[in-house]
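Here is the structure we will look at, set down as structure tokens.
Chains: A, B and C, in written order; residue numbering restarts at 1 for each.
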Amino acid sequence: MTDIMHSLADIVGEDYVSSQPEEIYFYARDPGLMPPHEPDYVVVPSTVEEIQEIVRLANREKTPVVPMGAGLALTGLIIPLKGGIVIDMKRMNRILEVNEGARYAIVEGGTSQGQLSAYLEKNYPRLRHSIPDAPPTATIAANVTIHGQGRLTQQRGFNSDMVGGLEVVLPSGEVCKIGSCALSFGWFSKGPPLPDLSGLFLGWFGATGIITKLAVKLYPRKKFRDVEIFVTDRGELVPDIVYEITHTEMAEDVLIFTQPMPLMFRDNHHVSFYITGDTDEELEFKRKLIWKALDRFIKAKDGGFMGIPPAMKPTLLEMPQRSASRLADVKRGGGFEYSGPIIMVEKYPECSEKLKELASQYGLAYSGMVRVIDGGHSMMFAFAFAFNRSDPDMMENTRKALKEVSDFVLKVGGVYWKPTVEEQRMALENMDPNTRKLMKMIKENLDPNGIMNPGNWEFIS
Amino acid sequence: MYELKFDGSLCQTCPTADCLVKCQYMDLEKDEAKKQMVNIWEGKDSFVFEGCVTCYACEEYCRRGNHPFYLITEKREEKGLLTAPRAITKQWINIGEPQGKFKVGKPGERVLSFGFMPEFFKMAKGRLFQKAMPSFIFGQEFFCNVVYIHFANTSIIKKRLPMIMENFRKLGVKEVVCLHDECYGSFAHLAPAYGIEVPFKPIHYFEFLYERLKELRNDIKPLNFKVAYQRPCSSRLSPDKHRLVRDIMDLIGVRLVEREYQDENALCCGGIYAMCFGYDLANDVQRRNMDDMAKHGAEYCVFNCPACQGTLGEKVAKMGIKPIHMIELCRMAIGEA
Amino acid sequence: MKYEEIVHRCFRCGYCKLTGDYIGFNCPTYRKFRFETYSPGGRMWLIRAWLNDEIKNTERFQQILFSCATCANCVEHCVFPFSEDLVNIFIAAREEMVNNAVIPPPVRDYLKNINISGNPYKEPADQRGDWAKDSSIEIYDGHEYLFYVGCVGSYDERAKKIARTVGNLLLRAGVSIGILGEKENCDGNEVRALGEAGLFQFLAQQNIDLFKERGIKKIITLDPHAFNAFKNDYPGLGGKFEVYHYTQILTSLIPSHELPLKEYRAKVTYHDPCYLGRHNGEYNAPRKILESIPGVELIEMPHHGENAFCCGGGGGNFFTDILGGGEDSPNRIRVREALDMGARILAVACPLCARMLDDAVKAEEKEDQLEVLDVAEIVTRALS
């Protein structure tokens, strides 16, 4: 046993550290298309103190640490690019507090989206959080670290906008509180009215610290929830349709999908929106307003509401949508990957055309999936391709198509979401040089030994 | 190719012009109605193209054996006048496309047709279907395609229906019991109107239920419910079978409330209206229809068509009226549901 | 390997290790070991790596595969079309290991004991029917039902008591049952789950021949594991019998007053055995029995029904103990869940669960707070 192994075993207990080939194999990979890289150790700590000790050890040994939630980002963000210690956070999954009046919950850094959602449903039926459509094992902390989006994103912005405070283990091993909780017992704001330091950690993929606790803001859960789907055959009308829907301020969530299969979806664009209400009247009022807002498209025969078969409704209403994961089996091969840039809604037509073009060029099964963000200021457009894990050619073609998406995104003014290492490099190369300088300064000052998820947001001077 | 058999001279000499006079969505006097129908037949423009909401009812109102609604549909298509948004029409055409996903039970000379409505797998069971199952067919390959008249598209019907008939022919069935009356309407009414040969005898499932219930008469316990019946658009294609609703209700001890929107005055479930024309029409029709059910004290709303049930079922339930399909109601009467 | 063509289709999305309502992790091995490698997705990826020669058959890999309790939580909650085969895939991988004779020692010992003694306890076959000695339960001779108790019911002290209780209840209700006594064989369910397909077939064939020879048409099992084998595996080998778990018989006897009950006041929670619940869809019968006892307050644990948390004894682990030990062994987690609910009785319908949970109550030192009782034992307490 190596010294590091001994030390890790002392910190977390022998049962929760491994350098065995099985864990090394598994934690070298994520379900996406990035090449594997082996960690040297995998640990599963259960306390903040243990994480502090691990980080201090890593600093002493100059060995990398890579925090990991459920590892579902697909873009390789938890692959230990330079080896070192992978910290599987999922044993730290306690829900510590729910403040019903101020509507926030404080959870540990490994708590899953599904767990919080189920807990609230059972104990606080009038509250909910913005759950993403990633599988429910996805952790809340990892999701805000990558600026994830969820079911309330159309109304409230990125899930990271809905953070009420953070507890972070810094690269030095110190624990630091971010937001109102730095000064108050309340975790109601991640920054304001103080300087907002949460930006030092949100969006950094663990390259500046490890989130060990966070508060997520909660929002009213209405008694009823329904979904409608507006269909058009003209992609160029989608931005107008979204504009009209968001203008009503009646929709909770607005999603768009375009895909060739099942056949009923072929050649159309589907704008689905969700409405909620505590009474039938409230629900119907919202429905009516949105329907009326889209009346001109119906009259012009440019779009209409599809009748949603009763059997399809539960699939659309469930949170998260299991069907999103099922894309991985379209090619009976356990894989899909997407590039999901954040981009202005007006770029929808170009994005959907590009998606179809790439799918046809590389012979891939595809789905375009969009989530409208923050009342229509932007959207996440997922260029998603299914692949068969046992077909290397298909995997290579998917990589090539996604590489083309990366180039396309910059051309149409998009910004990468949860970028791969290559996309991070492209982003850094293309951004305002002074912004890059500022990011570099932050990273080097916080993590002088470069131990935190190295390879990510790495600055080659 | 297949052409609609339509005799315009019958319209010219029609004493009533009921087709448009009785229309619930347009207000026309006899002479104007007659004039518009003749205009349509002659290929001229008509405001009827704008006003028609595709409820099929004029097919029933016409007592002279003509096909006013099919004619309106044909002419709309010729003129490129869409009823539904393009995307919706496209979606429906895609939905009905045969994809080799059909299911065939053990077909005998008489087969049950589920169309491609999966709901019938759950309904077609128990003593009512003891003798009939598992002789069934399901899937787009056996889909009657009549729904496309809502979308002003008869060419897809003329293209697909003969292929569907060929699929039935290959099965060698002699009688097809249609559990969806759209299928019955298509095989017994629309196909002959276009000269499409039907290689079997279509049987409406109301006839099947009625006969079977008579056989099981001793098992029937009168339900004593007050019900409203939601008549679907496709029932207008086989008005002769509509009378069986009352016969069946009588047999199982169910009382149809005598309400305004029934029989000839029935209102559409609104599903198609919502898709084609938007909120106002669908909402108005549904509201009037459901209020009428409630006003007359209906405890149940009995559906003939699963699609109507999908559209209206939840809405009537919220008003305290229980939605139920005719088959389930009959099963309940023999103590099964 | 069987199912090799499916293994690469796992997306490792993790639905498999949760409950359907996402209240928490529900894969017993993952709950204990907490590395992803011990979850169903981890197994799938490692099996593929093993088949591709990217990892070897190490002790840890054996532990990863043989600690699976075959509880079928993954089968229940996986979102992909191959979900039905998840447990089958893990068993197929075990079969490969058994065929290569590279398996954990306790697995080897279990299989050896079955082979030599016909039971895992190395006990003589002629003592197999001793549990019924002081009862009126007869040797099967044209009775309506064979009452099949299995290895655990025949030899384990705790389980023997349950076997007697169930047998006596059935007799009291006038059900015509007989046992095979020393002629009874192992049903083979755990042998199959541990990957010894050949031995399982041999045992099954022996049983089928014996049942047929005795003219047996209907079987009541004590053990859900035997119930599963008889119901799902034997028909494919020519053994088609009418098979019931004893709770399915009892549930019809109580309302018809064959078993008149008096009040028995207790706060009871019911633990679904995986091989009765998820594997065979029987969630109601035991609950109906408990609900029909006047005074019993039946409360549900968060993990119940399709989301029930396994006791950790399935898939051979009852005998091999690869999954057992430590604070986070599944049986101890389960007992803590029952205690959190304030239950005084943890009801079971499986002799393996009874033993596993009994041990856990002792390990948690909560004997004064929680009693593990079989459904039949609770009914017996309430008999008037």
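By definition in this document, a contact is a pair of C-beta atoms (placed from the backbone, for glycine too) under 8 Å apart; a residue touches a chain by one contact, two chains touch by 3 or more.
What you are looking at is a predicted structure, and each value in this text was computed from that prediction instead of being measured.
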Farthest-lying chain, centroid of Cα atoms versus that of chain C: B
Interface with the most contact pairs, given as the two chains involved: A-C
Closest chain to the centre of mass proxy, which here is the mean CA position: A
Centroid spacing, where centroids are CA-atom means, of chain A and chain B in whole angstrom: 47
Interchain centroid distance [CA atoms averaged], chain A/chain C, Å: 40
Distance between chain centroids, defined by C-alpha means - chain B, chain C (Å): 52
In the complex, chain B residues that touch chain A: 82, 84-88, 90-91, 94-95, 97, 99, 118, 271, 274-279, 283, 307, 310-311, 313, 318
Chain A residues within the chain C interface of the complex: 15-16, 18, 20-23, 25-27, 29, 31, 42, 44, 70-72, 88, 90-91, 112-115, 117-119, 121-122, 135-137, 322, 325-326, 328-329, 332-336, 388-390
For the chain A and chain B complex, residues of the former touching the latter: 231-233, 263-269, 280, 288, 291-292, 295, 297-299, 301-307, 309-311
Touch list for chain C against partner chain A, complex: 8-15, 17-19, 21-24, 33-37, 42, 45-46, 49, 54-56, 58, 60-61, 64, 79-82, 326
